[in-house]
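To start, the structure under review is shown below, and the notes come after it.
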Amino acid sequence: MARAVTPRRKLLLTASAWSVALLIFFPVLWTVLTSFKTEVSAVASPPQLFSADWTLENYAEVWQRSDYPRFFWNSVVLSVGSTLLGLVIAIPAAWSMAFVPGTRTRDLLMWMLSTKMMPAAAVLIPMYLIFQRTGLFDSRLGLVLALMLMNLPVIVWMLYTYFKEIPAEILEAARMDGANLWSEILYVLTPMAVPGIASTVLLNVILAWNEAFWTITLTTTKAAPLSAFIASFSAPQGLFYAKLSAASTMAIAPILILGWFSQKQLVRGLTFGAVK
Amino acid sequence: MGKITLKSVRKAFGEVDVIPGIDLGIEDGEFVVFVGPSGCGKSTLLRLIAGLEDVTSGTITIDGKDMTELPPAQRGLAMVFQSYALYPHMSVRKNIAFPLKMAGVSPEEQERKVQAAAKVLNLGDYLDRRPGQLSGGQRQRVAIGRAIVREPKAFLFDEPLSNLDAALRVSMRQEISELHQNLKTTMIYVTHDQVEAMTMADKIVVLNAGRIEQVGSPMELYRSPANLFVAGFIGSPKMNLIEGAEAARHGAATIGIRPEHIDIGRGDWHGVVGLSEHLGSDTFLKVMADGLGTLTVRADGEVSIKAGDRIRMSPQPDKIHRFDKDGKALA
Amino acid sequence: MATQSSRLAARLTLAPSVIVLFIWMIVPLALTIWFSFRIYRLLSPDRTGWAGFRNYVWFVNSPDFWLAISNTLLLVGGVLAITIVFGVLIALLIDQPVWGQGPLRILVISPFFVMPPVAASIWENLFMHPQNGMLASLALGVGLQPILFLENYPMSSVIFIVSWEWLPFATLILLTALQSLSSEQIEAAEMDGAGALSRFRYIVLPHLTRAITVVILIQTIFLLGIFGEIFTTTQGGPGSASTTLPYMIYKQAVIAKDIGRAAAGGIIAVILANIVAFFLMRSMGKNLDV
């Protein structure tokens, strides 16, 4: 912006922007604050933003009552595993769409996305049976596969949009330099697309981390991630708010922190590579 | 070695014949320039030789071996692209070494060859930089370096100088010519700039609409263009083309006379000078000649003719080119 | 513009993605179709056999069916409308010269990181609960009766919660698009005498078309399958007031334990999703230049 803004105007704009942002953020903030209150002050009326009796008791109790580290570790394995596996399959596919496009490329991409529109609830029973029969039920491998397949269309699409920005001449140069397809993708395309790939990874880790249908219906204990952990805290009665808040905070904190630190990359990723 | 032969090479994109059929022989060690207006198929032809596109029919042989079906990597050619196509994430050293790495050359050998190439191209100080930190001319040299280390049978250049400014273009042109003299490797060079073609080529191939209009040495094309297209394309400023009564007087549908072959002072042609461009070494005059149309005439640099002056001119009789009504040159 | 070998390579590199996605789509779908024509009740396992179209007839004629369809469309349409309108407004605000754009972005993006069951349970318990929720306390504080959000306005509440989750997404995409609008364009329009509103109408909004397309496309994909938020908060109730199509299928399968009827509902949902997908892709695809 080349134009000067009067300080008064800037102050006014800043104040309104911050008010709106805080309003949007408030539920998260409130949850975190509540998690440090006693159950009594958690439901005090009128509500207290800060309470005098800070406590870590809620966390201690949630920690004792459930096996948080296992849920957490499962979340990490499922979200990172499904994303990396998805990358391995999607990078070659996106290469092909971006650099050897055919008349059907767009239809194919749209078809991939449309597989995501199938309501999961519609195929719950068959999926449940398939997972039971193949021994994938409540296994990390099964969930990694399911989450990978769920996010694969998004991964392919995002990589495709990033790859398309890379000039084809550079890949042709690699071909002239004696690179085969594998070297071309490994040594030239992938390193050049690192920022785009990073955004893709971040967004898909978050999508997988927050998935809460298959992770709940296709697990019981062994492979259950944090979404199942939080589901087990549902239907709380009255004086249970502080503990619920503590559990909620524990479920969302890892991804919230990751998201904050990688904000720049993530915003790029959030646009699915479709908006510059 | 690098003898390349094209036999009835045809390329169609869908229904459109971009190259209807070309026969061409390129001798070992020759510097061949493909020149023509944009869209004439010259880049497509180069990409066919490189193997980056499939031929629709016909064969391409290199040193007698049929290469038509082979992928680019196995043809033993190196290419320098218009955009240089350097790998932005690799240092200059790694860029130049990349083809060697792909060929499985040992690291010591890679380094030796990179150093040798860097010395030839004056890149010694830049080996650890990234392409993004280099100027246009330096990037161009890196691209050439990457081509040299492969010791290819032939170099392919696709409009390599078109992204450089005018001054740099002249010096890079000379560097490439010197490189050719030192390496004596076959080079195929694509350009739309006839000056580059004239100054660098052993052999010029003039292309138009996917067809070869004429093949010959620069001076052959200059002295005896085979048709109107070549006559108009080669030489700067362009040859004057005159139709009508004056042409008929020479027994042709069209006659052509280059600006530098018109003498000023005496003669049967006269006209009014519309514009006089003094370049110092030469002066170019735009003359509205009576009954002939607008002519470009080259005069001496020191000449003092101004716009509005009326002058007399005469074409040098042995420099008049005659063409029939189909545009073909008459003997 | 490619060679035979690269076209072959293209087919080979595409194959794994296409094949696994096809299997992921077709196997459950085929099984669902099979079940939808069977009598298959977990509560009476001895009764089996072909049901013909009876499962479909039952599903379509069930009193909840049309309600579920309209609820589904209401949810998708409502969330899209809210997130796009507020997304544009908030993006315009943040794009102004303000202090702390970075932290602002972090605050606005945060709801996107909250997993749906947590989001739903925070809203249900900490805010909308009629006795202990914050909104109830606030209402009592100013002398009003607390509103029974989930009991009296279940669909609106669900739409509100889901909108909160998706607002960051819409806002950030629109903000990114806004920031790529050259200030010269705006200045030129100003020189031409365009007021703030006409500048928005004729310069900013057209510039945002592509971003809005992306928001609609992506959100619809995710919103059609919304389940966790309803499951956590209203359980489709009271009665069937907030039952969407996915939730109705879920109830048939898990609560009524009638797999045949649930499968028939599943097939209907798939058909509807494909109709939506078809129109969406056709009208939006061009806008995406993919």
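Order of writing sets the chain letters: A, B and C. Residues in each chain are counted from 1.
Everything below uses one rule, namely that contacts are C-beta pairs under 8 Å (C-beta built on N, C-alpha and C of every residue); 3 or more make two chains touch, one makes a residue touch a chain.
All values reported here derive from a predicted model rather than from experimental measurement.
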Centrality ranking, top chain (CA atoms only): A
Pair joined by the larger number of C-beta contacts - B-C, A-C: A-C
Greatest separation from chain B - chain, by CA centre: C
Averaged-CA centre spacing for the pair chain B and chain A, given as whole angstrom: 54
Whole-Å gap separating chain B and chain C, where each centre is the average of the chain's CA atoms: 58
Where chain A and chain C are represented by their mean Cα positions, the distance between them in whole Å: 16
Contacts with two or more other chains, residues of chain C listed in rising order: 2
Chain A, residues touching no fewer than two other chains: none
Sequence positions of chain B contacting 2 or more other chains: 52, 71
Residues of chain A defined as touching chain C within the complex: 1-2, 5, 10, 13-14, 16-18, 20-22, 24-25, 27-28, 30-31, 34, 43, 45-47, 89-90, 92-93, 95-97, 99-100, 102, 105-106, 108-110, 112-127, 129-130, 149, 152-153, 156-157, 160-161, 181, 206, 209-213, 216, 226-227, 230-231, 233-234, 236, 238, 241, 244-245, 248, 251-252, 255-256, 259-260, 263, 266-268, 270-272, 274-276
Of chain A, residues touching chain B in the complex: 167, 169-170, 172-180, 183, 187-188, 191-192, 194
In the complex with chain B, residue positions of chain C that touch it: 1-5
Interface residues, chain B side, partner chain A - complex: 50, 52, 71-73, 77-79, 81-83, 85-90, 98-99, 102-103, 146, 150
Sites on chain B touched by chain C in the complex: 13, 51-54, 71
